[in-house]
Structure formats: structure tokens, C-alpha cells
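Note that chain A is present in both complexes that follow, paired respectively with chain B and with chain C.
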Partner chain A sequence: MEIIKKLDGDKFELKVEGRLDTTTAPELEEVIVAGIEGVKELVFDFAALDYISSAGLRVLLSAQKIMNKQGDMKVIGVNDTIMEIFEVTGFSDILTIDK
Partner chain B sequence: MKKTVRELTKFARIHHSLGGKIFRSLVMISALVGIAAIVFGFILYSSAVNREYRTKTYNLACTASMVLNLKTIKEKSGQVLSIYDSIPEEERQDAEDPEYLGQFKSVEDMTHNKLRWDVHELQLQNDMVAGYVAALDLETGRMIFIADGDQASTYCPPGYYDTFNEKQISTWMEGNKLSFLDRINGAKSMSAVLLKMERYGYRCTAGKRLFDVNGYPVFIFYDSDMTQAANAAKTFLWQYILVIVVVAVLAEIIILLFVNKRMVKPINELTNAAKAYTEDSQAEHRAGRYFEKLNIRSGDEIENLALTMKDMEAELADYVRNLTRVTAEKQRISTELDVASKIQEGMIPNIYPAFPERSEFDIYATMDTALDVGGDFYDYFLLDDDHLVMVMADVSGKGIPAALFMMASKIMLNNYSVTTRNSPAKILEAVNDSICSNNKAEMFVTVWLGIVEISSGKMIAANAGHEYPAIKKADGSFELYKDPHGIVVGAMSGMKYKDYEIQLEPGDMVFQYTDGVTEATDPSGELFGTERMLEALNYDSQAEPEMLLLHVREAIDDFVKEAAQFDDITMLGFKYLGPKEDA
Partner chain C sequence: MNEVRGEFNDGKLVIFLSGHIDSNNAPLVEAEVLKELEGRDIQSIVLDVGELAYISSAGLRVLLRIRKSNENMKIINANSEVFEVLDMTGFTQMIEVEKAYREVSIEGCEVIGQGANGTLYRIDKDNVVKVYNNADALADIQNEREMAKTALILGIPTAISYDVVKVNGSYGSVFELLNASSFAKILQTQPDKFDWCVQEFTGMLNRIHSTVVPKGKLPDIKKTVTGWVEFMKDYLPADAHQKLKRMVFEVPHDDHMIHGDYHIKNLELTDNEVLLIDMDTLAVGHPIFELASMYNAFHGFSEYDHENVKNFLGIDYETSLKFLHDVFACYLSTDDEEKINEVEEKARIIGYVRMIRRSIRRKGLEDENKKAEIELWKSELLKLLDKVDTLLFTRDEIVVEAKVENLQDVLNFVDSHLDKVGCDPATQMKLQVAVEELFVNIAHYAYKPGSGDVAIGVNVTKEPKSVTISFKDSGVPFNPLAKEEPDITLKAEERGIGGLGIYMVRKTMDEMTYEYKDGQNILSMKKFF
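For the complex of A and B:
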């Protein structure tokens, strides 16, 4: 997994590539925890994400809960595989998803 | 491979000895230094002795040139050399020929005798072996005797001659060539030659040129005996060698004793301590037993080594204590995990047939955890005679946290189902709110919950973010049922779920599973997927639930091959057989 960070004022964009699973999710969580303070807009770019496991979903859920308090969170570039996972797990109901 | 000390032969060990190495080096160094000292010392000594002899002899020749009666010498030289010149060369070939020598008889008169005695007197006073007046014939290299001071049988009469080579002649004529040592010692050039002749032995012959007569240079010569000097040099050499050898041997012994005491012994003590240390099988008792006792006070690197070893021993002891503690701790955790795993297994129904008295349905489920304790679970229980609840769930994360969360979820689902008798959606909503109210770890669980009315075959179910169930109609094949999905349980409170209804006919089957099935991965990273799962489910249309699960499991094993199981694999199969005949 690879994470490309881009902080633009109070907009924090994270481009996640590869597999987001039990072994890699803690890394993403660290990046989010370290950079989320004062962020008004959090964007996840999943265009190059191959797979997301429940551990990855948990990280998204945590981020969503934090952003509910301080701004907006958006997931963009979601492909069919990831979209299916979001739909099956019901995450499509609580996330703002731009395909 | 390098051998350890223990594997070395006795010979190799001796060869490995520091003392032996130092001994060999010392012998070599002292041999080299000794030989150099002997050679250089001997050269210095003998050149000094030779110089002294040359000086002494030459000085006497010079003194003689001043005290002897030069008039007589000139007169006698004139007579001898005139006779010598008058004799044709062919008749001068043999210096000992009586006929040749006889021609000089006239020279030996009283004045000649007086001159000989004067020469002899000086020779005796100055401890020389010979003294004589002679002229040099530069063309032939002959030294022609004019007046020999010798009064004994070795007397050389006038006209007698000895022959010398060019170098010797030129030394008398021009003085010694000075060697490097002579120069630095400030020696002067002297007309002195060291000679080894059969007739006279080893001598130093020095001459002082007096004047020329008939074109022949005339000299006064004195000889000193070099045999004594040579013997003295020999004696000196032997004494010198003896002293050097004795000193070298003594020095070696002292150094060896020192090395042995200060280096070899301490190192051997260290080696023995290390050996005893490694041979002590009871690691935890080693602390301070071996290196701590050593008393090495060599005041150098070896003492440092001993101190370091002491520290190491203490540190290793600490480490071993720590390790023992950690190992015990791990052992305890492992034992507890075992118990936890057993408790978890005990929480899940796994005795088959599950409901032997019920002929209306058949149910079978399995769970293989990837770790000791897992986050998947299934459950089924009767609410009453006519209602069967089936649950399939997957907790996010793995290991102990997931297992704890799983236990809580399972108990809550069971409790809410039994006590409220609500629909699946309501049960999920209630459990979701309950979990969300105190979910510090932010874990969640995907749940599929179905309730079957056994008498009618009507199944009401709800899905909280779990996989799509696979349903098989009696005469068809398994197909995914795209049921409405709500969000996973535990994500956010206040979420709503949707009930849906499926009418099951006798022979219909329901298959539920966790993502451990669809996301089983082969070595190349490819997922097992729902296509392969459906294929396995439809492999044998007559399969009962137990066989059905076995088919899927075999298909997964074939697919992943040697890749390690990464997620829990949990499956549940349900077959509706129809209402009781007598109902």
C-alpha cells in the first residue's frame, strides 16, 4: 500500500494505492490521526485502491466520525470492486461517495 | 568451517599457544639481532686491531728512518743494487741460487754487520718479528734485501729477494687505501701491508721509503706478528658470541615467564571460565559464577577483557532472567488463548445433528479460525417450537479484541432475539444502538440474521453489511440473493435496517458465509470470489448441508494451495424440508 498526502490549507487529500487491509490499515490511521487536526475537508482518492478490508473500513468510519464534528469527508475515484464492498457493508449509506 | 577450540587436536592447541608464538618470534628476532651484532662487532674489532698493528709497525719504520745511519744504508744499497743490475736477468731468476747470492758476498763487511745490529736492536725493543733494509724492483715486484736485521737461520742475505704483487707494491709506494671505517676513525694512510706468507706466517709489513738508489726505491721495513692478533680476534669472537647467546636466552626466558604470567595464564583462565560457563546447562544459575570469580590484574587489555566478560555475564544473567519471565508470560498468554479459544468454541453450537427431533429442516455450520481466537461467528437457536433464528457475523479486526467483541455481539443478538421477539431489522437496530453507546475501540460487526417460521417456510431476514446469502430453490441452483443492505452494526447509532421475506419451499436451501470464503487468496493474490463459491455450491445438487460445506471447503483448499489461511472461514447451510406431516 502507498499513501500520497496532499495538504492544501484546510483541505487534506489522501491518495491510497494498493491494498488497504489488516496489515496496512494502521499505517493509514496513523497518517490520518497525525494530520486531521484543523482539517475542514478530508478527501480520500481511491482510484488506485485494489481492495479494502474491514480493518480499512474501520479507519474510514473513525475518520468519518471525526469529520462529522469538524467538516466534510468525501471519498472519490471509487471503482466497482470498492463500491461493491461499500454497498455490501452498508458504508455507502454513511459515506459521501463520488464515483 | 572454522573449528571450535574444543575440536582442536592437542598438537593444534600447542600450535595455537600465544607463548609458543612469542617464543618463535623472540628466537627469530634474537637470532637476527645477534648475528648482526656479531658480524658488525667483529668487523669493528678486527679493523681496530689491524689498524693498531699497522700504525705501530709503520711508526717504528718511520722512527728507524731517523735513527739509522742513512749514509751506510745508501752505501750498502749502492753496492747491492749495482751488483744486482750487473747480473743479467736470466741469472737472477732464483733468489736462493747460491751462485747468484755468492756474487753479493762482498757487501757483507763490518759496516754491513753494524747496520744489521742496529736494525735488529730496534726490532727487539719494539717487539717486532723482523726488520730489514730492502729495495723494491717495481718492474718485477721484487723486494731485494740489502741488510736483514735477522740474526737467526731465517736470515736473508743481501741480494735475496721475495716477490710481491702489484697491489702490495703500490701500498708500500703510495700508502694504504683507506676504508670507510678508517676514514671515520681519522686514520692516516700508511705504507703497511698485511701479509700471509708461507715462509714468514701472518705478518704486518710496514716500510718507510728512504731514498732511491740506481732508480730503486730503498725502504726500511719492520714486520709485526699478526698471528697473535688473529688469535685474540678469534677468542674475542667466541666470547662475544657466548655473551650474546646467554643474554638472548636469558631475555627470552624472562619475557616468556612474563608473557606466561601476564598474558597466557589470564587468557587461559578466561577460556576455562568461558568453557565452564557454556557447559553449565542451568542457564539461570550461571549469574556471577564463572567470570565474576576471576581475579585478573594484568593492568592491560586482558584485564579489560576480563572486566567486559564479567559485565557480559551479569548482563546475560539479566537477559536470561528477563527471557525466562517473558517466556513464562508468553506461556501464560498462550494457555489463556487456548482457554479463550475453547470458551469461544463452546459458545457456538457445534453438535450435530443439531436438532435430531426436528424433521422439518437440516442445519449445519463450520468455523475455522485463522488465529487462535477469531472474529467470525455463526449461531442458530429456536425461539419457540416454530421459529428458528440463524445468525452469521464477522467482526472487524482479528485476535483477542475481535473475539471479545464477537462474544458481546453474539450474546446481545441472542438476548434481543429471545427477549423482544422482534423482527430481524428491529433486533439489529437495538443491538446497533446498544453497541454504539459504548464502542470505544470503534469496532463493528457485519451481521446477517434470519428467522424461519418452520411451519410455513417463511423466512424474514435483515442484513447489516454482511455478504449476500446464496439461496437454492428446490429444482434450481444456488444463486446470490441481493438483499437490501444496512450499515454494519456498531458504526453509528440510530441506523435503520430493512426486513425482507423469502418463502422457502421444501427442498430449498440457504447458504450464508463470511468474507473468509470469498476473499480466500491464492499465492498469486487472486480472490476466491462468489463465482467459484457458487460453482462449488452447485457441484452436487443432491448434497445435504454438511456435504455442501465440505464441497466449498475443498474448493477453497484447492484454490489457495500452499497460501496461508488469512481470515476466518465460516459457513452455514440450511435446508428446509417442509412442515411436519401430522401438522
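For the complex of A and C:
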């Protein structure tokens, strides 16, 4: 997994590439925790994300909970396979997704 | 009191130091040593400190000044006190220092094991000594110790030597092995334990083969085997040799551990656990190379003369063949004779190559009997080379320790089966997610706070295209299908994080079953694609 961070004022964009699974999810969580303070807009760019398991979903859920209190969160570039997982788990209703 | 005595021969000066060297007598010792150095054309200096009881820092400074006169200096026969001083002060890193080795007698001692490079004797109730065949074995001993350490750290139960001794002019390494008896002995004396031995023997094999070794820690067996194949060039028809070379070349790199000399004299049952010994052949590589050396130990070396196995493993030929067969069956988790035979044939190819090379290098072609044996192996090898096209095989089940670090191995194993039938990426990802969720769940909860194994089985069908994946563990009984489903209509604030993984699996797979049987959780899932 690769994470490319971009902080632009109070907009924090994270481009996540590769696999977001049990082994890599803690790394993404650390990046979020370290950078989320004062952020008004959090964007996950999943255009190059190939894989997500429940460990990754948990990180998204906790980020969403934080952003509900301090701003907006958006997930962009989601491919069909990952979209299917969001739908199956009800995450498509929780997250704001731009395909 | 102290004394300095020198012996000079062929440019080599041996200086014997004895007694104590401290600030009182250091200048005197130095003066005497200088006298020995004077006017001689010295190529190398050896300080024999066998009779030296004590050395202080003033004495160490003398040693440094001697070394200044000639860089080519070593210290031999250091007793443990002197060695400790030299080691603590860092001298052992700049000067070669050999310890004095304690003499151990093996007269009347029971032989409890026999490996490729040495023989194992029990010297008392708790300790054994491995006497090396090679007279100049210090480097080998150091090497084996490093390998055993590597294995132990990676979770393979083994014994590590704590002392090096002299035995009748050879070197030996001593380690603790309480009340141990080899599997060879158990098979000889308790034939009713045959099936238990097969289980335990295969269990350890699985454990070795599921251990990932950090890069560079152990040699690569494929390199070694490639060397054997090169040797065979002069002894095989060109086309057969070419095919052999290709098949070995095509075996992919594998960073899992293999033992390299795995047989029933290298597995010991102690009071409370099974220990693997004789660690000097450890390597990394594809398991086919391990199965090859197992074939040799249990069958190959006795194929011509069936009595050999009795001398080597202490069991008769029929028992040995049955043991190997049952271990292969257990290792491959199958009772399909065709499948067992297929893998054995692949193993035999490498096995024969190894034995033929070994025998020829030991001048086997100059002895009538040995020559006939080589001919037998060679004719079998040629038959197999005609028939077999690849050394690769897939197992239907693997056993790994239930820990998250092994997830990649499990995924690779499942993928290797999916590749056989061809699977679209979307389905493959769903299957990978399902495998991850279930495996990680077992790794996190089944054996807490201890550890244990999980067996993963894969079965694919072509028409219709389907895959069935099963997980077996002996942890706490847990039926994931009985778990209440999370409410996925809740808002983010109200949603918890539990249960999501298993829920995803249930939604994406076509069939799932769970049963608790014979102390095992057996979870199985099926997907059509």
C-alpha cells in the first residue's frame, strides 16, 4: 500500500494505492490520526486502490465519525469491485462516494 | 611465578606463556618475549596460553606490543577465564583467539542419532555430544550453531549447543537433550506408535515448510541442486539432461525453510516436546527438494540393497517404505494414491540425481556393487525423466501457525489453485477478502492467549467453475454463522466495528457451513464463478 498525502489549507487529501487490508490498515489510521486535526475537508482518492477488507472499512468508519463532527469527508475514484463491498456492508449509505 | 618459553620452526614462533601476568611481572615477561623475537625471521607468532592462569590489563598491553612486531599472531588454548578477559576487552575481535577445549570421552556411550556430518552420543542423563566426522570442524560447528539459532528464533523447536569439546582428536558440540529418544527408536521399540509418529513427523515438516526465513539467513537449496544437475551432464543423455535442467530451473524461488536431511533420527521426543536436531543442512527453497531428500533417506539409499535402511534408520525396509508413504499422504492431505505417487515421482527425480552424484564422487563407479547401484538409480531416473514434465505440485491443504504474518502465504496458496481454473479479478478479490477475514479472525481469537495451527484446504471444480475453501482449527469452539448480523442501516455514529468481516464473507460467498467435530472448528465456504 502507498499513501500519498496532500494538505491544502484545511483540505486533507489521501491517495491510497494498492491493498488496504489487515496488515496495511493500521498505517493509514496513523496517517489520519496524525493529520486530521483542524481538517474541514477529508478526501480519500481510491482510484488506484485494488483491495479493501473489513480492517480498511473500520479505518474509514472512524474517520467518518471524526469528520461528522468537524467537516466533510468524501471518497472518490471508487472502482466497481470496491463499490460492491461498500454496498454489501451498507457503507455506501454512510460514506459520501463520488465514483 | 611465570615462565616464557619459545619454539621456533620454519618461520613460525610459538611462545608458551604460563602462570600469572600482571603489572608486577609484565615488564619482565615482555623483555623475555623480546629476546625470543630477536634476530629471527618470523613469519607468524602463536601464543600458547594453555598454562596461563591469569592476565591483567598490563599483560594485555604486552600482547599488543608483541602483535605490533608481527601482525600475523594468534592465541591458542585460552582457558575460560583468560578467554573471558580477552573477549570482554575486545581482543577476540582483533586477534584470533582459540579456546582450550575440554576433553570428553564417548567410550561406552549410547549412539542416539546419526546425521550427515556427525554422530550423536548421550554423555549423561541430560547432555549429548555431536561428534563431527570432519576433523577440522570448528567452522562447521559455528555454522550449525548459527543455523540452529536462526531456526529457534523463527519458532522451530531445536537444541542449541552450549559448548565445544574435543573427542578423541575430533571436535564435538554439546547440548542439552533431556530424556530424549529419536523417532527411529520409538518406531523400533513401540510399533503401536506408528501412526502417532507419522502425525508428529508430518506436523513438524509442515511447521518447517510454513516458516518464512529472512533473506540471506540460510542458503538457497535451488542453487545447490542446480550444481548437482550440472554434475550430471557427463552421465546422462543430452536430451534427458536438458529436460532435467529445465525442470529445476522452473522451480520458483521460495523463502520458506527446509531441513535438508529430514528423517526419523533427526527428530527427538523429549519429556514434553518434539525437537528437531541436526540443523547444519537448513536451507530455503521449494518443498520438492525436501521431499527428495526424504525419499533418499527412507527408500532411495536402500533401493538396491534393502538392508541399508536397517543400518541407517534402524527399521526394516517395508516399515520404512510404509512410513514414507504415510507421511507423504499426510503431508499432501490425501489418500488418493495417484496423487501421492505423482508427487513421489517428482521427488525421486531430484533424489536420484543427488545419490548418483554423491556415489560417483565417492568413486562408486570403481566398485562393482556401487556401480550396479548407480545403474539402477540411473535407469529409474531416465524412466521418470521420460514421464514427468514438472517438479511443481500443489497441495490441497496447507497447515500454518494461526498468526496474521502468515496471511500472505495463505492467500498465495489459494491463488495458486484459482490460477488452475482461471478466475476473474472481481471474484478473486472477493475470495481474497473472505480468506483474509476468516483467517485473521482465527489468528486473533482461536488460540488466545496461546498459539496453534490452522489447516486451510482448497478444492476447485471446472464445470461448473467453483472453489471451496475450508478452515480447520483446534481453538475455542466458535460458530461465526451463529453470530448476529450487524445492522447495516445504522448511521455512522451508531455503528460498531465488530462483525463486519464475517458479514462480508456471508454476503459474498454462495454457500457456507460450520461444524464442530473432534475438537475442531471446521468452516467451509463455496463460491461459483
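To be clear about the criterion, the second predicted complex is superposed on the first by the 99 of 99 C-alpha atoms of A that agree within 3 Å, B and C clash if a C-alpha of one lies under 4 Å from a C-alpha of the other, contacts with A are read in each partner's own complex, and residues count from 1 in each chain.
Keep in mind that, in the parts below, a contact is a pair of C-beta atoms (placed from the backbone, for glycine too) under 8 Å apart; a residue touches a chain by one contact, two chains touch by 3 or more.
Model, not experiment: these values are computed from the prediction.
First (chain B), second (chain C), both or neither: which does A:39 touch?
neither
Look at A:88 in the shared chain and tell me whether it touches chain B only, chain C only, both, or neither; answer first, second, both or neither.
A:88 contacts both chain B and chain C.
Tell me which touches more residues of chain A here: chain C or chain B.
So, of the two partners, C touches more residues of chain A.
Contact-wise, after the overlay, does A:58 reach chain B, chain C, both or neither (first, second, both, neither)?
A:58 contacts both chain B and chain C.
Should A:80 be classified as contacting the first partner (chain B), the second (chain C), both, or neither?
A:80: touches chain C, not chain B.
Given the touch rule stated above, what does A:22 touch, chain B (first), chain C (second), both, or neither?
Both partners.
Taking the stated contact definition, name every residue in chain A that is touched by chain B in one complex and by chain C in the other, in rising order.
22, 53-55, 57-58, 61-62, 65, 88-90, 93-94
Spell out the part of chain B that touches chain A in their complex, as residue ranges.
Interface residues on the chain B side: 394-398, 442-444, 446, 464-468, 485-488, 491-492, 495, 515, 519.
Within their complex, state which residues of chain A touch chain C.
That would be residues 21-23, 50-55, 57-58, 61-62, 64-65, 68, 80-81, 84-85, 88-90, 93-94 of chain A.
Within their complex, state which residues of chain A touch chain B.
22, 53-55, 57-58, 61-62, 65, 87-91, 93-94
Please give the residue numbers of chain C that touch chain A in the complex, ascending.
404, 407, 425-426, 429-430, 432-433, 436-437, 440, 488-493, 495, 497, 500-501, 503-504, 507-508
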